[in-house]
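Reviewing the structure listed below.
First chain written, first letter: the chains are A, B and C, and each begins at residue 1.
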Amino acid sequence: MISLFTEPLDAFCGGFFLLTAIGIVSTRQMLACLRLFMIQALLLVAAALLIGVKLSSGDLVAVAVITFVTKVVAIPWVLKLSLGSEIYAQREIDQVLNIPLALLISAALVLFSYFVATPMVTAVGQPFTNINLPIGLAGLVLGAFTVTVRREAMAQLIGLLVMENGVFFASISIVPHLPVIAEISAAIDVPVMSLIIGLLIRRIHKRTGSTVVSELATLRED
Amino acid sequence: MLAAVLILPLLAALLVLLPIGHRGRWPALVTVLTNAILLALALAIVAHVSHAGALHEWNQSLSIDAFGALLLLLVTFLGFTTAIFSWGYIVERRIGATRTGKVRLYYTLYHLFILSMVAVPVISHVALVWIAVEMTTLMSAFLVAYEDTPASLEAAWKYVVLTSMGAILGLLGILILYWGTRVAGDVPFTWAGLVTGAPHMPKTLLWTGFLLILVGFGTKVGLVPLHTWLPDAHSQAPSPVCALLSGVETSTALFVILRLFPVLQAAPLVADPRPWFIAIGLVSVGAAAFLLLHIRDYKRMFAFSTVEHMGIIMVAVGLGGMPAHLAAMYQLTAHALTKSFCFFAAGTTLVATGTQEVGAVHGLIHRAPLAGTALFLGGLAIAGAPPFVVFISEFSIFRAGLADGQYLSIALLALFVAVAFCALTFHINRIVFGRAEDVPAHAIPRPCLAALVIAAIPMLILGLYLPGPLAALFRAAAATLGH
Amino acid sequence: MWQSILFNLIQVAVVVGLAPLVEGVLHRMEENVQSKRGPNIFQVYRDLWKLLQKDEIVSEESSWIFRVAPYVAFVMPIFVTLLIPVLTRYPLFFAFMGDMLAAGFLLALGGFFMALAAVDAANPYGAMGASRTRMVGFLAEPVFMMVFFTVSFTAGSTIPYIVQTSWTAVPGGFFEPVHILVILAFLMLILADESRIPVDNPSGQFELAMIGKSKYLEYSGRGAALIKWAGCMKFMVLTCVLCNVLVTPWGLAAEHTLVAVLLAIPLVLFKTLIFLLVLVVIESSLAKLRLFRISEFLSAAFVICLLAMVTRLMGS
């Protein structure tokens, strides 16, 4: 039963994964952004479990557990710890482009990721790659886009985390048997990155009284 | 031996936290000693690798070949000289710190930073190498922001966010290569394994993986147009940190890119990587050379010179052939040695004058003769004037390229290098000579001078004479880059 | 054939007869969610009856458009009902007269006449409401087209009866991203088109903030009743398109017998009830958007639909 529906259910997770990535590009509330990220991480966990059960890969189940612990539990906690409530509960966030334009560009980026991914998928023809690779790639690109258009430090951090989620979403299909040691270290890397960037945000907030990083623009060529 | 290289900095990072000693001398002492031991270990490893070839440990999960050994040697040498310089700059002059606790934090991060950099050539599994490279960013983030000024925080922010973006792109590239090795059969996911597996990999996987890694790690190397964070971070960090960032951290990321050169060459059907390396390198050299013309901050000037040198190495590797690869290794070494000296000189100048602006300092040689001489020598050396080591390495690149008949690339490279030479010497001239202001210079701490002297020795000697064992190491390292 | 026509007429009767009930249930549920008692679920019927009893007052300055518009608006949903599956999963007599695009245009024609009538009466609020409705309409149009294209790519047809079976044709097809995304985009489209909460406040009484309702301010008596009824029917028709065509054909009559068709009525009402629940949750948890942010809402719907198309065309 499960194995018959694994592929469509994985696709289902993928569809929502894309939606959350786009939501993170376009939403205005900071907390909504963070919640969308957590939902996205949950979808990643679900997809890893599905593929792990289907391919009976213990590594992927471990990935699912690690992802759950780091991205759904640890990162929001680390951010709350390192940022303090007044930055954590941000109000509206600003962005460089207006939202309809940002949305259209995101759609174009998704299309681009499909164009990049399709040759690889057809060259190898491994199960699930047709779903996970393009969507993971799109997550990567949309995360990078988030970092570029957002002016707020915290939103840029979430953009980075979305990129990471995208890579993992692709990796559960392309390399389902990556050694656990690599997974674990990558999993440690993510909270460390959040912690360091979170602490940096706090220092910036303390020094300049704001977390709008685009206002930090004293260093440039003239 | 390789395991010791990883464990030692970790131990030292804990040791410096012990509340012993007065005014932070204990962490400084521990750091100098451990880095001296690390350097000795690296020398032993180099000796072993030169005689017996690649070294493997821990069931092949740690391994090092000649190229890795060269990088390890450079990292540990710079780690040692920078440890001495930090003693003067961070502990005695207390630049950017008022509390001893902060000095301890500096040293803890210093060791972790060194650990992440020595891990890059030592670890065999490529996915773990990625983590080491990412850790170099994360561990040095607070070193860049050490002075806690808005400008340094801005620089640290750009540094962390942009290089992390790059690292995540690179991660996907590495995973795609891993996918390729699975498709190609059961080859181990190491640099050597990639070379053997490359002919059997699907073309599109290899190429996409390479492009992602090139863009991702290229950000970290500071290749134009992904260099925007580099001048900021390398000018706002404390000078000893700049020496490490510019001297070897960029090289560790470049190491990963260069490792893919033989992989791509092993799969001749994919695409010839050589024009790509040359084009990307030339763009970096050219852009950096022209950006060097109008610069206001002398640390920023050295940072742009790093971009230029990374480009030169890319070109040298792209030229192909043993002589060019040998020259690339020479250039990598020359850059690390000279650039660290330059940043020590810049740090000394900063200590003496209290400003980083090119226009604000005149007649340094009269105001602070030692700092002035150091900056003058450093500027000349990094610009590529004889008899320093950069001159020899750049010259051998030109010679290798001309012997191979690649006139256009060499002509462009020579033009850009000449522009950079003029720009650098012009700025250095303005700072060092001319009428001095009547402001007395601050005293320069003795460890800073010691570091300057130690760093100057190889920079000068290698320009005149290349010792036999080192030449053998260069040859073996160049051989790992294929043909 | 006669049976087919009969079933078609039953469909029309269901929509005409039960649409006010659906509206009444929605009102009741919304009030209940806000911890109020809420009106009787048959209150809409009483309102309609009351309005039909009353005299109609028509401005001397207005033209024939003002008089005709309510009838046009009332007839269009009935036409659409002939085209779409309300109770059966097999095509009925008029099913091949028009596709989903035709249904969309028929509904748009009613809206067009209402906008003309609103301007015709020369009430300043009417013109304002009409222009705002048009703005939302223009923004919604590309989304509608995208939904239409995506659905036709997936099903290989634009006839609603054929589209509805395509989702269950393959196992797990229900969970395909394209399906979920199209449903989501269409839901957002309904919210915009029906002037519901994130776009407009249907229960607001403040003329300056109105988008949809201000068009009907000039109507009284029979005209007002027809417009109100037409609004209920349009809502029910769109609900049926969403529930029966885009979500699933589950619960519809599969056999060609009168009993099966009549049995489908409560099942369809049940599905509608579930949809109403979703709607109530959306409406009570979101705030109305500022006017110029409606474009963001609809562009999000557009992009979602574009994604559906991309995942469909390139993913498999």
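Assume a residue touches a chain if its C-beta (ideal position, glycine included) is under 8 Å from a C-beta of that chain, and two chains touch if they have at least 3 such contacts.
Because the structure is a prediction, the values reported are computed rather than measured.
The chain with its C-alpha centre at the largest distance from the centre of chain A is C. When every chain is reduced to the mean of its C-alpha atoms, the one closest to the centre of the whole protein set is A. Mean C-alpha position of chain B lies 65 Å from that of chain C.
Per-chain Cα centroids separate chain A from chain B by 31 Å.
Centroids built from CA atoms put chain C at 36 Å from chain A. Residue ranges on chain C touching chain A, taken from their complex, read 171-178, 180-181, 184, 295-296, 299-300, 302-304, 306-308, 310-311, 314-316. On chain B, the positions that touch chain A within their shared complex are 125, 127-128, 131, 134-135, 138, 141-142, 145, 148-151, 153-158, 160-161, 164-165, 168-169, 171-172, 175-176, 178-179, 182-183, 202-205, 208, 231-232, 235-236, 291, 294, 296. The touching residues of chain A, counted against chain B in their complex, run 116, 119-120, 123-124, 136-137, 140, 143-144, 147, 153, 156-157, 160, 163-164, 166-167, 170-171, 174-175, 177-179, 181-182, 185-186, 189, 192-193, 196-197, 199-200, 203-204, 207-208, 213, 216-219, 221-222. Of all the residues in chain A, the ones that touch chain C in their complex are 4-5, 7-9, 11-12, 14-16, 18-19, 22, 26, 98-100, 103-104, 106-107, 110-111, 114-115, 118, 130-131, 134-135.
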